[in-house]
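The structures considered in this document are given below.
Common to both upcoming complexes is subunit A, partnered first by subunit B, then by subunit C.
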Partner chain A sequence: MALLEVNNLSVQLQTKTGFATAVDRLSFTLDTGEILGIAGESGSGKTMSALTLLGLLPQHAKVTGSAKFDGQELVGMTNKQWQQIRGKNIAMVFQDPMTSLHPMLSIKTQMTEHMITHLGITEKQALVDAEELLIDVRIPDPKKALSSYASQFSGGMRQRICIAMALACKPKLLLADEPSTALDVTVQAGILTLLNRLREEHHLSIIFITHDLGVLSSITDKLLVLYAGREVESGLTSTILQHPRHPYTQGLLDSLPQPDSKEKLLKSIAGFPPELGKQPIGCAFAERCKFAEPRCTGHEVQPTFAADDHKFYCAVDPFAFTESREVGA
Partner chain B sequence: MNEPQPILTLNDVSVTYKRADRTKLTAVVGVDLTLNRGEILGLVGESGCGKSTLGKAAVGILPTSGGEILFNGTPVAPLSRSVRSRELLKLQLIFQDPYSSLNPRRKIGDQLIDGLVNYGVGAEEARENSAKLLERVGLSRSTLTKYTHQFSGGQRQRIAIARALTLQPEVIIADEPISALDASAQAQVANLLVELVQELGMSMIFISHDLSVVRQISDRTAVMYLGKMVEVANTHEIWDDPRHPYTKALIQAIPKPDGKGFLPLELPGDVPDPRTPPSGCRFHTRCPIAIAECSVLEPQMALTNNRLSSCLLNNELKEKRSENVV
Partner chain C sequence: MFGRRSPSEKSGGLRRNTLGNFIIRRIAIGIILMLGITFISFSVTQLVPGDPAALNLGQSAMSDPTIVAAWRAKYGLDKPVPEQYFIYLNHLIHGDLGLSQQSRRPVSTDLAEYFPATLELATVAIFFSLIFGLLFGIIAAVTRNRWPDQVIRFVTLTGVSVPTFWLSLVFFYLFYFKLSWFPSNGRLDPGVDSPSTITGMYTVDAVLHGQFALAWQALRHIMLPAIVLAIYTIAVLTRFTRASILEILNNDYVRAARAKGLPESLVIRRHVLRPALLSIVTIAGVAFGNLLAGSVLVENVFSWPGIGQYAYRSSIGLDLPGIMGVSIVVAGIFITMNLLVDIAYRFIDPSLRHG
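On to the complex of A and B.
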């Protein structure tokens, strides 16, 4: 049985003009020790999906569908039930380590608080454990670090502390929302190496959210590409990055700087994603898609299944023969 | 090929901050750099390496503590908060964060015409000029009467670019102009800058920590580490054959979207505290190939095989060894 089974999960947020769909019938599974990447632009619903799995959605948000974690249904849980899971079995690392740590509380206080609450251990024991966690994430001089404050650390060190904090209650699932986006590439490489090691050593499952396909390529096993709250393509990371079938995924790859290009301009997908709550019926990307045909809009796009659990939602399928062409050539 | 003509020259420039606790922090140490006419120069390095400080000193909004900066032969230095010498109007800066570089309480039109009106252009003409610039950066004329909160990050940065263009600059220094923007807006704003530079015959220093963007848009790339320049070369040379170990480390740390699942190579350790920089080569504490001499001898930027870098193992020691052999 998969650790996490998400089925037809939808999230609707309250806006001035009524409810708007931020996440639209999302389904995926995650096994123990597996890393799933969620890719997409801002507003694609990637952060909202993560917040749903932590019960941290804004007030009055409507959640439908199902998300089973370790056999337990998360949708519809009360606040009291969430408190048993949030930070304990499912933990989260946020994008900006500058703002996710409290500037006025010592690292010690921030690290041990939830350990004492969730694990029922004494403060003394929590301190011992916290020190070990800091060693595990490679913080030099962990004793001194515990009595320091967030401002005394660099961005990379702060993110390591946030990861240690998230791991304190031995979660089975870690949600990492753009955990390396705010960092320098050299520091980012360290964080990726750390997360990959934690997955191997602790059999941690990770949902890694970012718009950076390079980062996703280096660390994830499978990918879920979102556009305007909907899945457009999913499958093994290697398959999707080497043979994308959805024009949006191809567009994302094309808009990365091309190392061998003599052209100075970067490619970008023309236009903007639809506004929240204004997704059309049919393919939400059709408006910006150069392959779009009349049949793309007006009715639901059915998924196409290819080898290795590769799935995509494109009626035109313009890259259908990419693979065979390469084989033939 | 035409001989490159320098338009902005930095000679042995240092910038020192005096901190509240009276300790001094030298953020930029003896940097030589030349920007040629019509060129885009990328300036890269980790946060805290002094690249933004260098950019601010180069436009003359930060005083230098040593060396000289020449723009078209005119020395660049801050005059006062409100006056800027006329010669320096052709040298403009674009800031990182358009959320804080634009005034939220003034109409965009008023912010755009300031520069023109201050330097003797009539209000009507200034307004017309600003409207044209806004159209050039992809916004409508009606932007003039709106406020910044009505725009997205990418649109705000376009407004900031239009503002920098009002005085028809010859050189633009863009300090991380795209890093505060959404992924999709980043490419659009970077493209706009490149197009403007080519169209208006400007030159640009593009400061960024995003190496892959710098690789795509810049003619030459300069790499800084802890206040010092470590390597300057044509962009394709830097990428195909980096000479300084720090440049190599930066390039290897970029994850590649090839779906092959390789982790990028980690550069161990953090950037040292610039108040107490390491002796000898500043990079030796993290350098994978450092030898004992590196912690003692301070390397200088030097040409070896037509390439400019500051690594003992490339330059001084190599020469010594070859002398010994001879």
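On to the complex of A and C.
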């Protein structure tokens, strides 16, 4: 049985004009020890899907469908039930380590409070564990770090502390929402290596959310590409990177910087994603897609299976016979 | 390892950021401020038209120039104004605030009598204000836009809008005259001797002397004016607490705390209330300062012999030493309150001590 089974999960947010769909019938599974990458532009519903898995959506958000974690249905849980899951079984690392650590509470307090709550251990024991965790994420001088405050650390160090904090109760699933985006490239690489190592040591499953396919390629096993709240392509990371079938995935890959490219400008996808609540019926990407045909819109796009574990939603399929891309970079 | 220099590296320097140094620095600034305030209030009092002699001497005495001249000489009013100021400062340094032209007693004696009355009243009022202001503010914030919030917002809006003098009269009529829940005005029942002075606050003095019945009586006398004074402050603090909690709730670190699965009460208590307290303490400090500066209206309605009444009488009589004395006390109150607020910051936000 998969650790996480998401089926037709939809999230609707209340706006001034009514409910708008932020996540549209998302389905995926995640096994123990697997890393799933969710890719997409801002507003594609990546963060919303992660927050749904922690029950941290804004008030009045409507969630339908199913998300089974370890056999337990997450959709429709009460706040009390959520508190048992959050931090203990599913933990999250947020995008901006500069704002997600509390400025006025010592690292000690922030590292140990949920251990004490969830694991029922004493503060003393929690402190010992906290120190070990900090060593685990390569924080020099963990004793001193524990009695310090967030402002005394750099961004990369803060994110390492956030990761240590997330792992404190030995969760089975880690949601990493752009954990390296706010950091320098060199620091970013360190965080990715760290997550990869922790996955193996802690048998951790990770959902890694980012807009940067370059980052995803180096760490994830599986990939889910979202556009305007909907899945456009999913499958094994290696397969998708070699042979992306959806024009949007293709566009994302083309927009990555190529070191040996003769072109001076980065390629970008023209236009903007549709506004929240204004997604068309059919392919939401059609109006920005250079391969779009009339049949792309007006009715639901059916999934096409390129292989058992490679699925995409494009009626035109312009890349069916193109050669494989070179992977790596 | 650290983004900024760590505290241990820094502490070798001359300007150590310890609490003691911080307080000494602030007291020095406070003294300079006080000096400026004496100058301003002295100048302003000189600008007010009117003759103190005419206000303090009777009509027949005023018609005799020798009496007027003698009176002016007694209070030093015959000298040039700048000289008067320096004489005043010189006396002030020696702890002499001059003679009140109204009470004909040293101003320091007057202040020692009137200020504790206000201090006692203000302390009880700020006590109520903090308890209920914070409580209502927190309830309103966590039940945002639901009925408890709506009720609290309506009531506190009324609280800040109702004039205090009107409220004093209504409360006095209702709770003393009609319901007799509280004793009449004054600090004690008529004919009861005050406890011998230690602090000048009757409740405290009575307790120190072991006169608990007297302390209870004094406390009952404080209640009504304190509640009237507290109502406005409660309303202000409630609205302020609500606003700052709602602001803090939007922070990423609150979401991060919830993501750790902490009980909501702990999230509010530890992660939200602490940063919210920074701005609440600022407002509470100002509010306490205002209460300590005395309320002329409330003190008059409840015949409370406090600094507000004293200030009022001094200004009506153009009693320069009295006015100066009150100005210095009030300035001292606000400077002290600001200092206390800044010290409180460092306890609320321990990271400041490392900064």
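Everything that follows uses one rule, which is that the second predicted complex is superposed on the first by the 321 of 329 C-alpha atoms of A that agree within 3 Å, B and C clash if a C-alpha of one lies under 4 Å from a C-alpha of the other, contacts with A are read in each partner's own complex, and residues count from 1 in each chain.
Keep in mind that, in the parts below, contacts are C-beta pairs under 8 Å (C-beta built on N, C-alpha and C of every residue); 3 or more make two chains touch, one makes a residue touch a chain.
Because the structure is a prediction, the values reported are computed rather than measured.
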Inset, instruction - Could you classify subunit B and subunit C on subunit A, in the superposed arrangement, as clash or fit? - result: fit
Inset, instruction - Based on the superposed arrangement, let me know which partner A:Met165 touches: subunit B (first), subunit C (second), both, or neither? - result: second
Inset, instruction - Could you say whether A:Leu146 touches subunit B, subunit C, both of them, or neither, answering first, second, both or neither? - result: neither
Inset, instruction - Once the structures are superposed on A, label A:Met157 by its partner contacts, choosing first (subunit B), second (subunit C), both or neither. - result: both
Inset, instruction - Answer with first, second, both or neither: which of subunit B and subunit C does A:Leu9 touch in the superposed model? - result: neither
Inset, instruction - Look at A:Trp82 in the shared chain and tell me whether it touches subunit B only, subunit C only, both, or neither; answer first, second, both or neither. - result: second
Inset, instruction - Kindly classify A:Leu74 by the partners it touches after superposition: subunit B alone (first), subunit C alone (second), both, or neither? - result: neither
Inset, instruction - Using the superposition on chain A described above, determine whether A:His118 touches subunit B (first), subunit C (second), both, or neither. - result: second
Legend entry - Which superposed partner A:Ala91 touches (first subunit B, second subunit C, both, neither): second
Inset, instruction - Using the superposed model, determine the angle subunit B, subunit A, subunit C defined by their C-alpha centres, to the nearest 10 degrees. - result: 70
Legend entry - Which superposed partner A:Met104 touches (first subunit B, second subunit C, both, neither): second
Inset, instruction - Once the two structures sit on chain A together, report how near the CA atoms of subunit B get to those of subunit C, whole Å. - result: 6
Legend entry - Overlap of subunit C and subunit B interfaces on subunit A (superposed complexes): 154-155, 157
Inset, instruction - Quick one: which bits of subunit A touch subunit B in the complex? Just the residue numbers, please. - result: 41-42, 154-157, 184-190, 192-193, 196, 211-219, 237-242, 253, 255-259, 261, 264-269, 272-273
Inset, instruction - Would you tell me which residues of subunit C are touching subunit A in their complex? - result: 1-4, 6, 251-253, 255-264, 266, 270-271, 274-275, 348-351, 354-355
Inset, instruction - Under the touch definition given earlier, write down the residues of subunit B that touch subunit A in their complex. - result: 40, 46-48, 182-184, 187-188, 190-191, 194-195, 198, 209, 211-213, 215-217, 239, 249-250, 253-268, 270-271
Inset, instruction - Over in the complex, which subunit A residues touch subunit C? Could you list them? - result: 54, 56, 79, 82-88, 91-92, 94, 96, 99-106, 109, 113-114, 117-118, 140-141, 144, 148-155, 157, 162, 165, 169
